[in-house]
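Order of writing sets the chain letters: A, B, C, D and E. Residues in each chain are counted from 1.
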Amino acid sequence: MAVEQMAQHYGWLIPLIPALPALAAVIGLVCGGLFLHRRTPVLTIGAMAVSTLIAWFAVFLPVVGSWWSGGGEHAFSWSHSWRFFQAGGQWVSIGVVVDHLTAAMLAMVTLLVLLIEIYAVGYMASDELFSRFHAEVSLFAAGMLGLVVANNYLTLLVSWEIMGLCSYLLIGFWYFKDSARKAAKKAFIVTRLGDLGMLVGIIIAFWGSGSFEFDTIFTWAKSAPAVLVVLTALGLFCGSVGKSAQFPLHVWLPDAMEGPTPVSALIHAATMVSAGVYLVARSYPLFYGMDGHLEAEILGFVVAPLKVVAWIGGFTALFAATIAVVQSDIKKVLAYSTVSQLGYMFLGLGVGGYTAACFHLLTHAFFKALLFLGSGSVIHAVEHAMHHEHVHEDPQNMANMGGLAKKMPRTYWTFLIGTLALAGIFPFSGFFSKDEIVLEVLFGAHRNPTLGAMALVAAFLTAFYMSRLMFLTFYGTPRLPQVWEHTEDSPKTMTTPLLVIAVFAALAGLPALPALLSAMGIGAGHNLFHGFINLGALAGYGVTEAPPLPVNLGLAGLATLLAVSGIGLGWVLYGTRVGAAVRDTAHRTAAIERVLDVPRRLYYMNELLYGLLVTPMFWAVRLCNEIDRRVIDMTVNLVGWLSVALSTVGRWFDQNVVDLLVNVVGAGSKGTAEIGKFLQTGRVQNYAMIGVAGLVIVMMVVLKLLGGA
Amino acid sequence: MAGHGPGPVFWLLAAVLIASALGVVTLRNMVHSALCLAVTLLMAGGLYLNMGADLLAGFQVLIYVGAVVTLVLVAIMLIAKIADRDLSQTQARGGWAAAVSIIVWLLLSWVLAHGTWTPNAALTEGGADAARQAKALSLALLDPYLLPFEVASLLLLVALMGAVVLAQHTALAERSDIKAALKEGEQRDA
Amino acid sequence: MATLQPELKANGRISFGSLLGLAVGLLVLVAAVGFGLHVLQAIPSSEWWRQGPSLTNLVRLYLVEWPASWHGGDWGVWNFLRPGRGAVPVITAILSWTIVIFGFMLPMVTYQIYALRKILGFMQARVGPTQVGPLGLLQTPCDVLKLLTKEDVIPTKADRWVFFAAPFMVLVPASMAYLVIPFGNQKIVDGAVRYSLVCGDLNIGVLYLSAISSVAVIGIISAGWASNNKYSLLGAMRSAAQLVTYEVPLSLALLAPVVWAGTLNLSQFAADQGSVWGWYCWPNLLTIPIFVVSALAELGHTPFDLAEAESELVAGYNVEYSGMKFAMFFLAEFSNAFILSAVAVTLLFGGWQSPFPESWGPLGWDAGIFGMFWFFAKTLAMIFGLFWVRATLPRMRIDQLMGLGWKFMIPLGLANLLLVAVLRVLVG
Amino acid sequence: MSETPTEQVQSPSAAVAQLDASLRAACPDDVLELSSLGDSPAWTIVPAAIARVGARLRQAGYDHLELVSTVDRGEQIEIVYLLDSMLHRTDPRRLALRCVVPREAASLPTLCGVWRAADWFEREAFDLMGVTFTGHPDPRRILLPDQWQGHPLRKDYEYDSDTMVQEILDAELNNDDLAGTDGHAEHDGMVTEDLAVNMGPQHPSTHGVLRLRLRLDGEYVRECDPDIGFLHRAFEKLGELKTFTNGIPLTDRWDYLNAMGNNMVHCQAVEAAMSLEVPERVHWTRMLVLELNRVASHLVFIGTYGLDLGAGTPFLFTFRDRERILDMFELLCGARLTYNYLRIGGVAADLPRNFIADRVRPFLAYLPDRLAEIDQLLTGNQIFLERTKGVGIWPAELCVSYGLTGPLLRASGVARDVRRVYPYARYDQCEFDIPVGENGDCYDRYIVRVAEIRQSLRLLDQICAWFEANEETTRGQISAKVPRVIKPPAGEVYTCVETPRGELGLHLVCDGGENPYRYKIRRPSFVNLGLFGEVARDQKVADLIAILGTTDIVMGEVDG
Amino acid sequence: MPSGAEPYLFLSAALFAIGLYGVFTRKNAVGVLMSLELLLNAVNINLVAFSRTVDRGVDLVRLGGTEVGGVALGVSGQVLAIMVISVAAAEAAVGLAIVISIYRTFRHITVDDLDLLRW
């Protein structure tokens, strides 16, 4: 059966993908405390498993199959809308779309969420709010899946906000911790800031095109005034910046590590942050315009949305990598790494590397989820050991670990795979996808050498901080021997998902292997992913496709060299005695400390905020105060003196002439009031009756006029 | 409906309706008054039936008689000293109120008598089929009037919560866990 | 040994005789309505056959159209009914409904009580009525006679009018529900209803049932209040709270099959459920427990019989009632048990449809009296289930009852409604 | 299940001397002389100091006020307090205090502040003997109507029926509002409507003629005042009027579900007063009927408790099973409720031939299955559990202070059983456990009784075994040698038996005549109900019924 | 031109006047509430009467209701009546809750004595 026909027949399954986890979540939230208790995961994981099955066997594999059997030419797209409600004569719909991008995303998201949910069964086993956690994660997954299948901005926004809500709930999951509460609030408010822009963008698009649907809006964008399109794109990008934690709205993501680790893996690696990237990818026609040269003059500046995306992404990639280098909390390193990698993706999108960015989006989701879950496994183990030994240290601080490779082999090996993938070592997935982006930046249609250099430096830093993390955590001598002694590898429910994800993290880059081989002269293959997801699908909206770039072996070599040297530097500094000595000296050197302090204190972002906003405001207030006291008060005093003089004159006149008149009037009103006061009884019913009587009189007057006519 | 006059059923319903409505506003015993209200509302339901608005009649009985009057009766019994006979209520401003009310009635009737109402032929000739009425009403509720429908449900929800809060405020304060939480908060503040 | 039949008591056996009594009771029920209505239908009358041989049409024929023919097509003495809408079906419905009430409801309830005593006796290792009439079959009629002839005591300080009206306020809604119950087959020929065994085939039947049953609460409150007795008032307040609470899940449970069937008409419900696999109980599996629990609560049966918890409130709202007025409450209670069972059967279990395929011969027949047989068999099975529960469970506490209603049944009812609606959309 | 190790009744003299010394040291002017009451030592105390001495002894571990008895000694009235210990191991185990007050000014301080059980005991003493207790919180009559004149147990009491009865009838009939008026009450600053409800004496759940004056706040009981005496039949007065032999049939009527136990306490007391030894077979026969009667009584409890909670079926099931026991009794003595089976020094008739094999053994085989059925219907029923678990929790201290005995006390975790503590018949030769509850809630009070049925079956098994071994050798030995006219020597004894409702005791004062001089019964239902006013407070009405059901009172016994 | 609804309209006017009288004269807050219900019912009768006679109707065919038969049926008034009924239910619940609160505070519900609005 052709896949289009299948879509006709099985299209109704698509809404089930988000609906089943949502239903499970609702049941879990309502009945969790009543009778489900610790059985909630059966429900949520069951729902998620069904969703995963649907996503893989009814969506992803048929789409891939149809594309493959069609010789890689056939682009599949199916979309359906249901009328939702009528507002102002206009029908608002909700709907779903399935195309290649959706299919790939669905496959990735469902699989990861399923594995993370299984992982969480072990990780959260001892938590009192076990049931609630699973229900909320399920709702979160529903939000993400809803977002992926949405075919219009309204559905997308709803799902987007469900995710926002769930991230708030999950980050603040341990609400009894003050820091968790603050982090949740911060995440919610900061992302809301971005969403505001997104809402503006959507409203502009709706106002212009009269619809929320992607099709209609993209078609409208072809002929719409550039300013409107650019504004829409920038608005949407605001949302992306918030959700994907790009500079300057990146501040929430590291704090969000307050949530349980499965949440970190779920929200901050696999799904939620990639939603921002997905949004830009999905709305690409709005950014790209005709031939990628969409720009408009706004407030005197010529703004090209694509460039904005590229620069913000590139800057964030480098900026966050430098911060990650100096973090001591294992999860914060990963968090900043995520910010940095997302920057890569935006960079890729910004230079026209649509496919490369989507590719990196998928591979990154796998290896970052792997890393987060691995770190969770480490934290879980260390925490238990600390608890056992009654040591009250921070279980997330790498300074308290070391040498764990021996104690937790399963976690260690999977973590190693994730690290190599992230560092971009051949043949792990990160190597291919990162390479693609760098290739696009340096040789693509919108190439920019500065950004390329930034990307390469970031790649070096990535390798460095990951090797630092590895050496501090898994190698060397344990810093807390008695804790180390009692550390045990995590239970099967946690490590099994790790193994599964590790396979994907290792192999997800392989579709790009033929391209590499062909560059080396073996065969004439190309990046299979390029064929699967490409701009060709957007051709109908005026997006023109550049031919895929051939793999540049030199560049690949350079990138590998940079990664290896980054790892080498990490080994030297953190894996050898020499390095320890060097670090020791460096820490005693005030100048180096001062330099390191800058990224350590997050480039003074918080201080900057104070410096830019709070302090000037304070000064302005003092200035106003001074002006008030010195200038205005003096004037007022002068006027006051004059008034006193004048009123002395006026008093005589007042007492002798005016008062007489007033008294007469006063006596008159008092007399009237004496009669009228009987009406004011304070009783509502009296008032009502008098009111109705008055109304009757008025009506009679009116009617008489009408009747006469 | 047109041309036939209202028919005897109407007059029967109307007579009972007016009599029981007068009972509602004049009887001294609150429970009797409430029972009269039930009769009035039932008669109004009968009038709807007579006009072919079956579905509405059902709602009228279900919600008004089944719920509102029950609520009123329960409230009366809660308020009245239980099982004590002191349920009488008194009137005030009788004369003035009667005058105003009668004038209002006359005025409304005058307006009605002088208004021009153009009947809709589709309704008066072929529209009396109750089955189609019910279907049409349902479709109207879920299609063009969906928004007001939803707003009404929201209103009910808010009213429900409001009623609970108003009536239960003391019970909330008596709950031990809330008490403990309040105490804890005070201690923390202090 | 002077003790009375110790072996019987010890072994908890039921005698063959009382089982026979039950069967006879069932047959009496079927006969009362089945033969009554069907013999009427068998009267040959060409005009009647042309119009469709139903009770409604029969009544219309003899009471309306025949007299009307005296005046050349005018309706004659019934002319006053003519303006307005649908007066004739209303009047005929009321007439046939009266027949059902007196010809069916009273004997039905009488033998329902007999069955209750026999069944409870069986379950509780005793024998139930055996002395009056053969197998004790005349016991309950005699009880009825006794109640009819008892002195009707009105407490001195009671509110006489309300005290008098309250039993009617409870009984009238209970009996009005019979108006829409399809006892038997409905044949549709050429798109028109040819004959059916339902008094008034209202198109809003389910809504009508909910509306009517909600009125009875007022009667109960009035009864409790008018008695001027604290126990009865407490009982009435409990009843009111309980009925109002469980009205909601019950309505939700009724709504689920309505959503599934897309009609409110009970005859339509029965007619639409063809073979046993087409019964609406299958998509409504969750509806059944919700319905049964809510129905138990609505009826005030164990374990929800708080309103008349004899160990706490002596007898609830009707403690001061005696004689015929008490009998009316009693009648209403048992009548409601029948109605709710009948509604469950009609909405979920195929009404008068036979559970067997037509090819099974007489077992598969469900036309006419066979349909009535199936209807009553299913309904009585439901009633038997209610009695069974009554014999088994202790009573809940009022706060547990309310908690169950508000915190469990209503959310569950809503979820079930959603589930059925989604199923409905999916199945198409 | 735990059990108190069997304690040897030790030689009293040393312990008594020690306690005597310490008492005299602590309260030098209050303690007058040391005498004895039956086996127990008795100290005579200065009336004004009784509260002080009581508190002292309470401190020393005598936490159980077993009985307050009064004896009209002519010019003086003697008040006897029996003390015992439940939670502590005191030595001597049981002791008595006597106060002698002048007849005309019979007044002494109350002990309500020491043992709360004193409340109803002292009200009863006032009602029947005219002793006033200064400082008593609620000095009303308890058994007789408020309008009653005089105190019937005084020897010089004369009954003036006409005027008094009329007065009482007038008072009751003209009382419009039996339960008092409704009103507003303030709870935690919240003004609520209170509803005064008069529950009983005609009410299905009051197990006869108990009347509870309730003040309800919605579904909650804010105040509960048990009013008793509607079934008062003056057993103590009648006991004084009958000879010792003629008194036996009257005992059947006290706690009519336990007539055998009542017979037992009467016969045992007279035998103790006469120092009469009964043959071995009599002991075992008595134990047989006592245990059968205990099973029958507990079966009634289970059934009626189900009925209280709205489950009708268990009632009929348990009555079907009880029928078997009644059949056995009928075979034994011809009666099914009021057996009059025990005699002073023996029993009325020997067991019929093959009674054990044909009747008792089959019953022992039959009942466990029926108990399993009960477990299915009630014990395992979720609604039943919801209704009983955690409802009406009585802490052990509260029960002890109120003098509770029997299953009610054991449900709260105190393993006290008269059969263990003061063994009678041949209980000391039998093995049985004392079931105790964990939480002291309604469920425990229910389940303790179910467990006691099983223990009784275990006891019956051993009893049957004895009969099977000794049937032929002992057949016919059913009475000791008893004089034709029974005239115990002057003196007093206190004996007690464990009935299904707790410790049934008899304080018997003899003056050498044919009739008892004073015949004071410790009625366990009466004492157990004393607690109810307090535990009913702030319960839901439905829970009130659930709790009242577990007290398993028999009004014939409560009202005396 | 007579539409056939006039008797209903006059009746509803009368009911309205009676309700108004009750609202003015009842001293008891519950009585006032009951009178308010009369007012609402008067309005409802009016609405239904109009919807069954002069309503131009909603074209239900356009809305997908083909089974209705292609006739524009007047149901707007009935829709409004349903709204009024639900509002009345809400009003009764809240109103009675307020009355009970008043009763708890003042121990009476005589409207005339609740003159906090005075001065």
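Here is the rule we use: a residue touches a chain if its C-beta (ideal position, glycine included) is under 8 Å from a C-beta of that chain, and two chains touch if they have at least 3 such contacts.
Please read all numbers here as calculations on a predicted model, not as lab measurements.
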Dominant interface by contact count, named by its two chains: B-E
Reference chain A; chain at largest CA-centroid distance: D
Chain whose mean Cα position lies farthest from chain E: D
Euclidean distance of C-alpha centroids - chain D vs chain E, Å: 66
CA centroid of chain B to CA centroid of chain C, Å: 29
Whole-Å gap separating chain A and chain E, where each centre is the average of the chain's CA atoms: 50
Set of chain A residues in contact with two or more other chains: 685, 689, 692
Touching two or more other chains - residue numbers and ranges from chain E: 20, 24-26, 104, 112
Chain B, residues touching no fewer than two other chains: 1, 4-6, 10, 51-52, 55, 59-60, 67, 78, 82-83, 92-93, 96-97, 100, 104, 143-144, 170
Of chain D, residues touching chain C in the complex: 195, 197, 203-205, 219, 306-313, 316-317, 320, 323-324, 326-327, 330, 377-378, 381, 383-384, 386-387, 540-545, 549
In the complex with chain E, residue positions of chain A that touch it: 680-685, 687-689, 692
Chain A contact footprint on chain B (complex, rising order): 92-93, 96-97, 100, 103-104, 107, 110-111, 114, 143-144, 146-147
Partner chain A, residues of chain C touching it in the complex: 407-408, 411, 415, 426
Chain B contact footprint on chain E (complex, rising order): 1-11, 13-22, 24-28, 30-31, 33-35, 37-38, 41, 44-45, 48-58, 60, 63-65, 67-69, 71-76, 78-79, 81-83, 85-94, 96-101, 103-104, 109, 112
